[in-house]
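This is the structure, below, for whatever I ask next.
Order as written gives the chain letters A, B, C and D; numbering starts at 1 within each chain.
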Amino acid sequence: MTNTLFSFSGICKAFFGVQVLDGIDLELHSGRVLGLIGENGAGKSTLMNVMGGVLRPERGTMRMEGRLYEPKGPADASASGIGFIHQELNLFTNLTIAENIFIEDFPRLGWLPFIHHRRMADRARELLADIGLAASPWTPVERLSPGERQLVEIAKVLASDARIILFDEPTTSLTAKETAVLFDVIRRLKARGVAIVYISHILSDVVALSDDIAVLRDGALVATGRVEDFPIPRMISSMVGRDVKSIFPPPPQSVREAAILEVRGLSQPGVARNIDLAVHSGEIVGMFGLMGAGRTELVRMIYGLDPYAEGGVTIAGKPLPGGDPAASIVGGLAFVTENRREEGLLMSMPIAENIGLVALPGYARPYSGIIDQKRLYDAATGIATDLRIKAASYLRQSAKSLSGGNQQKVVIGKWLMARPKVLIVDEPTRGIDVGAKFEVYTILGNLAEAGSGILFISSELEELMGVAHRIVVMNRGEIVGSFQRSEFDRERIMAAAFRQSTEETAA
Amino acid sequence: METQETNQVSGSYRTGGNRLSHAFGRMFLPRRDTISIGSLAKNALLSEYFVLYLSIAYMIVLWPIIPWMFGAQNVSDILSNMWPLLIIAIGQTFVLITAGIDLSQTSVMALTSVVGAMLMVGHVDPLLFSKSPVWGILLTEEGGLLSGYSLSFIFAIVAMLAIGALVGLFNGIAVAVFRMPAFIVTLVSMMFFSAIAVYLPKSENIQGLPEAYTSISSGSLLGIPYPLLLAVAVGVAAHILLSRTLYGRRLYAIGINPTASAISGIPTKRIVVLAYVISALCATLGAVLYSSRLEMGRPTLGDMQFIDIVGANVIAGVSLAGGKGKITWTLFGVFFFVLLANSLNLLNLPFYMIDIVKGAVILAAALLDVARNRAAIQSR
Amino acid sequence: LVVPMAFASSAYAADKKLTIAFSFQDLETEFWVAGHQAITSTLEERGFNVIEKNASEDANKQLEQVKSVIAQGVDGIIIIPKDGELAVTIGKLANQAGIPYGVFNRPPSSKDAKALVAVADNRKISAEAAGFMAEQAKKLGRKVTPAILVGDLGDPNAVERRQGFLDAIEANPDLWTGAPIEIPTKWDANTALANLQSALQANPDIDFLFVSSDFLFPVVKSVLAPLGKWEKSGSDNHVILGGVDGDKTACKLLGDGYLDATGVQDVYNEADLVLDAITEAVKAGEKTPEKWMLDPGFALTLGNYDAKKDDMWGCKLLAQKGK
Amino acid sequence: MNTLQVWVVRTLLKNTTIILFLLLFVGFGLLAPNFLSLRNLEIIISNASYIGIIAVGMTFVLLTGGIDLSVGSVMYVSAVVVGLLIENYDFSIAAALMVGFLAGLAFGLFNAVVITLLGIPPFIATLVTMIAGRGVGLLLTRSAAVDFPDELTMLSAVRVFGIQLNIFIFALVVLAATVFLMLTASGRRLYAVGNDPEAARKAGINATALIAMTYVISGGCAALAGFVSISQLGRVNAGFGMGDEFDAIAAAVLGGASLFGGVGTAFPGTVLGTIMIQMVQAGLVFIRVDLYIQPIVMGGIIFFAVFLDSFRRVQLKKLERRNIMRLSDS
């Protein structure tokens, strides 16, 4: 067995009395990948933050190559060769890709304080090539998509030749192609003898990458071992602490004739062309596509956030004015956006306030506009409880302090409370655990059961095939295929998603 | 585990009917955002009333040095200085919560006081005003348009409010619809409208306002001075608007995350515009009190006051970054500033010491406030 | 109102000294500093307690300050009001409180409040100074191009002085090449500098410059000198120069012949007038004495420099400094 | 739209500020022909230089999302210190200036400490320095005017490489600031801190030190500006520098800086902003607008400039929207 590079012993961390990590003993070995799994809020990120010097443990010690390791801050961590890709993107949108990559130590012009721009650009190009991101190093990060930004984050750790690299859910905004690239990178690092921690809720990925597995539950290490001894069902049961029969609930038998959401001939130059789309009452329509296919843009137009040149949208026969989210909501439309941090949450506000936000007018008295707090909080806590959001108090704990997965649940809860006729969800299961995923699917299912229509955007084909009645494939701003459940077939759907781009490379 | 969790939550929720109100307050209490379960009430209390305690402590310290500080006369002075400033600062709070700032309030005060005076003034001296651009239109030797009418002052005040609202509307639209930076927009309208305020009467103060108007600041109802009544009315209305209504909730939401708010169907533009209108209206009411007290319309009214207005807000914890603020805080902040000014007047320091002492006291207050916050964090 | 008086008497029981409160609008120019000096020192010489209040150009503040001294129960109040209207409003308060009330340098806008007033007429003084400048211009036997550095339009003194200047312009209709060029200063040296430079750039032929306050002369110098226009009276490039206040600099410049005239308010005289009056009133226990005393003021010019320079406060200060 | 049009539109949008600047210059020129002279441009820049220097310092502070209200007072105090040292303690001019400059830095350092170590909001911290600083000045002078010897005022006439000294200093400050902000590691990290302090700390950037630095720089700039100004005025009254903080912030913001941090440049941004304001002021004097109307017109023009700028941002965003389809499609 390879030599121990890093070890935790008896690490404990509590947030205001809530024990988040208690007594973690764990070892990392150079040249090996440790898959760290656990439900949302299990403490994975917290553990990594302790290691990365972001948080200080209450008890316990860490050793690096046998020597005691006590980081005063992130700087110390990177100084001692620990690279850290945070769960939330950590880029400076007002700087360029190159600058972001080298923000920690810029290449200098000799002894001068000036940045050696050419060297920086060249290094950056190599790295971008490594991770297969086709963009100039001088592109401002604000112009990149989350996916592309994630790649930049990865390039960042590659730049610092770290000996330990922590990946906290790096694939949440990557799609198949980039994930492949990432895995390739990780394998190369591993070959170089780097020790790696890989955190993800996509267990198949974990299996594919890891040598060892460690399972966290409620801040305790409940199981460790070699990957061979961890078939996915065992991972799940030890994460959740009980046996879970299936990963996907069967889609409800509730599809009705009436089309509840109808999109006709929607077009916007450069974004989408002649989109026809219908979601029936009780139906779950999956929308698949590669990153940048234009799904988000399309739904943003449908929902009324972006303008469109031609076409129209109707809900239950009533046309939407377009360009007016408020009207869309009144019309019965709901939209769970793909990045919860910027577009979803009021980070500093309590969970209940966040959940109440959309439905608020329904709890205000006419004229006076006075809010009926009791009813509001009852409803909000009710929803939070249904979604099994894990928090000390729904009324006081701020969304900021929630784990990634629980934050996502808050965003969904916010829309459920508005009782929508049609729910558009953009990548709703990004970064949430199997248990939570199953809950989300069930929630969507129940909603459909109750007669709502659901448009489910995802870059994970499995889940779409698992829960959708029908899958439409989007590609370059056009809908290039539609498959009934009976005709679901991985290869054909993928082919549709890739087709034009391959044509292009041919042409 | 999960079930316990939820039980505990709903439990604390049921037992905590009264904590509910706190829960809402808590949204913006902590400077550093953190969860507190045990020490919540204490912490809330601390952060809510700290500046008030501070002021009281300050008064107690001063008691022996300046006994007449608490003479009926002086106390009533302190209060009469407080009401107008309070009303204006409350308006500012609304804008600050949206992560904006309104530097134009002072110009609104000047402009409305001038126009109001021009409308209701009795007889004026042609020597002074014949050069005014509105001479013969708004203003003649027989006084303003409304002069003579018994209720002229009411119409005048209505007109003042209308003008204030227009200025606010202008600021709001520029900021919310055209996405212009609030600071520069309101700075410009400050230049612009105070210039107009000086231009209309060609620099002259307008005296000879009707009795009914000047008595607004001096008169009282059942022994309660009108300014106090007005301030309380505005304060209570603002407090309810912010803490209890749909509008208030949405205002905070916008201050914290405009994008998320817009996506959640909040009519962000309308709400922000309204905030600027409210700010300008409050400035106008302040102008009514000041000008009735000075018994004149002044083209330079409020010239120096911007710093006090925003300072009072910020010292009390209203954040320039938005999303954070409460009327009670503003009240305490204003009280602190007025008290400070008044005590400096009474202390009879030589003129070259006053500013130094004033600075020192503000600094001390801010320091204590920070220390208190740190303590509150640790105590968790 | 009884209560604070009670406090006050107890507060002052200790010493029989009488207390006079003195609230001045600000100390931003030498003129105000001199006035402030004159009053405070004289008061102390005469054995009063003095309470000073700087209103720093804020009308409200001044009102609040006077209220607070009334609350302290002082025996007399003297103010340099931010403006005439304020002087009236404050005066009414003093009258109510039955405290003798003196107004210095700026006339109350009406007689609604009883006060001891010692004031100069800014407009008249400015007109005199500008008038003498016009005489100088006539000697040139050609038309001249007049310009004025105007003060802050929010300040009545500035407006008055501008009026005085314009009076002089009207008085000599055919002396000018055109309408006077008005240059804003907002009473701020830097603004004055910038705008005067621009004005001279736009109208290089300006050769008749009225400066609304003497404190701006250093600025004028630093603008004119590089252009070769900072010359003594009599030389061809001399710009006929006039000001108001009569401060040290003005006195010096007149002596050296750069300056043609400045309108002088006799600070010391005004101070004495109002102080004598208020002292009597206080001693006699009068509560609301009234008396208007006019400081005739005068223009100190190249013409009467030697004769009258000793009446100008600026020259007195200069002399002291000399010793 | 074909690509050429797109290119034209984009370049137009990218340079609205400069375009407006030229338009104004020419516009005033048409109304007052002798406005269009190099000499006049020089005068304008020269008169913009002292506010410009403050505004550059202010830009540093704004980049971190802070604000510095104390510059006006700092300017006053350091000028007073210089004057008194020369007058009463017969310091050499150079020595006096040096001490005065240190005084400026000291006030900046005070702000820095109060803000970064004691954690007091910049608005309050610098407000205190603004008030108390003015007080210190009054304490030193008893509010009397301070005069400066001719040797010092001579300096305003000095020319370096044919450029007026104050303009030269302004240029140096701008150059230094731009080099620092654009080319050095700390400069870029300053932008990072302004963009997201939390992330900056996670990235191991010493945000505290950087923020502290900006206030010291701002203090130094204020002092320097004070010197430039006294070399022209020769005298300092108690009101010296009052309200300049707002002119400086206005100039920076007009130059594109944001009060929320992370956005803004010393050059061209702040420089253009400052000069534009000064140019309008000069233009209004040139064409002899009624004094009462001048500030009204001024306000109108600045408002228009800012309006144009925001309009342009929105349009640029639209143009830079990614194109999902193949180019041939659109």
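We take it that a contact is a pair of C-beta atoms (placed from the backbone, for glycine too) under 8 Å apart; a residue touches a chain by one contact, two chains touch by 3 or more.
Going by UniProt, the chains are A = ABC transporter; B = ABC transporter permease; D = Sugar ABC transporter permease.
In this text the structure is predicted, and so the values were computed from the model without any measurement.
Most remote chain with respect to chain D, judged by CA-atom centres, is A. Measuring from the averaged C-alpha position of chain B to that of chain C gives a distance of 36 Å. One inter-chain figure worth recording: chain A and chain C are separated by 72 Å, centre to centre, where each centre is the mean of the chain's CA atoms.
Centre-to-centre spacing of chain B and chain D amounts to 30 Å, using the average Cα coordinate of each chain.
For chain D, the set of residues touching two or more other chains reads 138, 142-143, 292, 294.
Annotation for chain B: residues touching 2 or more other chains are 198, 202, 351, 354. Multi-chain contact residues, meaning those touching two or more other chains, occur in chain C at positions 27, 153.
Contact between chains, as defined at the top, is found for A-B, A-D, B-C, B-D, C-D.
Those residues of chain C that touch chain B in the shared complex are 1, 3-4, 7-8, 10-11, 27, 51-54, 56-61, 63-65, 67-73, 83-86, 88-89, 109-110, 153-156, 158-159. Those residues of chain C whose C-beta lies close enough to touch chain D in the complex are 26-30, 33, 150, 153, 181-184, 187-190, 193-195, 197-199, 201-202, 215, 218-219, 221-222, 226. On chain D, the positions that touch chain A within their shared complex are 179, 183-186, 188-189, 191-192, 194-196, 199-206, 262-263, 320-326, 329-330.
Here chain B touches chain D in the complex through residues 99, 101, 174, 178-181, 183-185, 187-189, 191-192, 194-196, 198-199, 202, 307, 310-311, 314-315, 319-321, 351-360, 362-363, 366-367, 370, 374, going by the rule given at the top.
Chain B makes touch with chain C in their complex at residues 67-68, 71-74, 77, 81, 198, 202-205, 207, 290, 293-296, 298-301, 303-305, 341-342, 345-346, 348, 350-351, 354.
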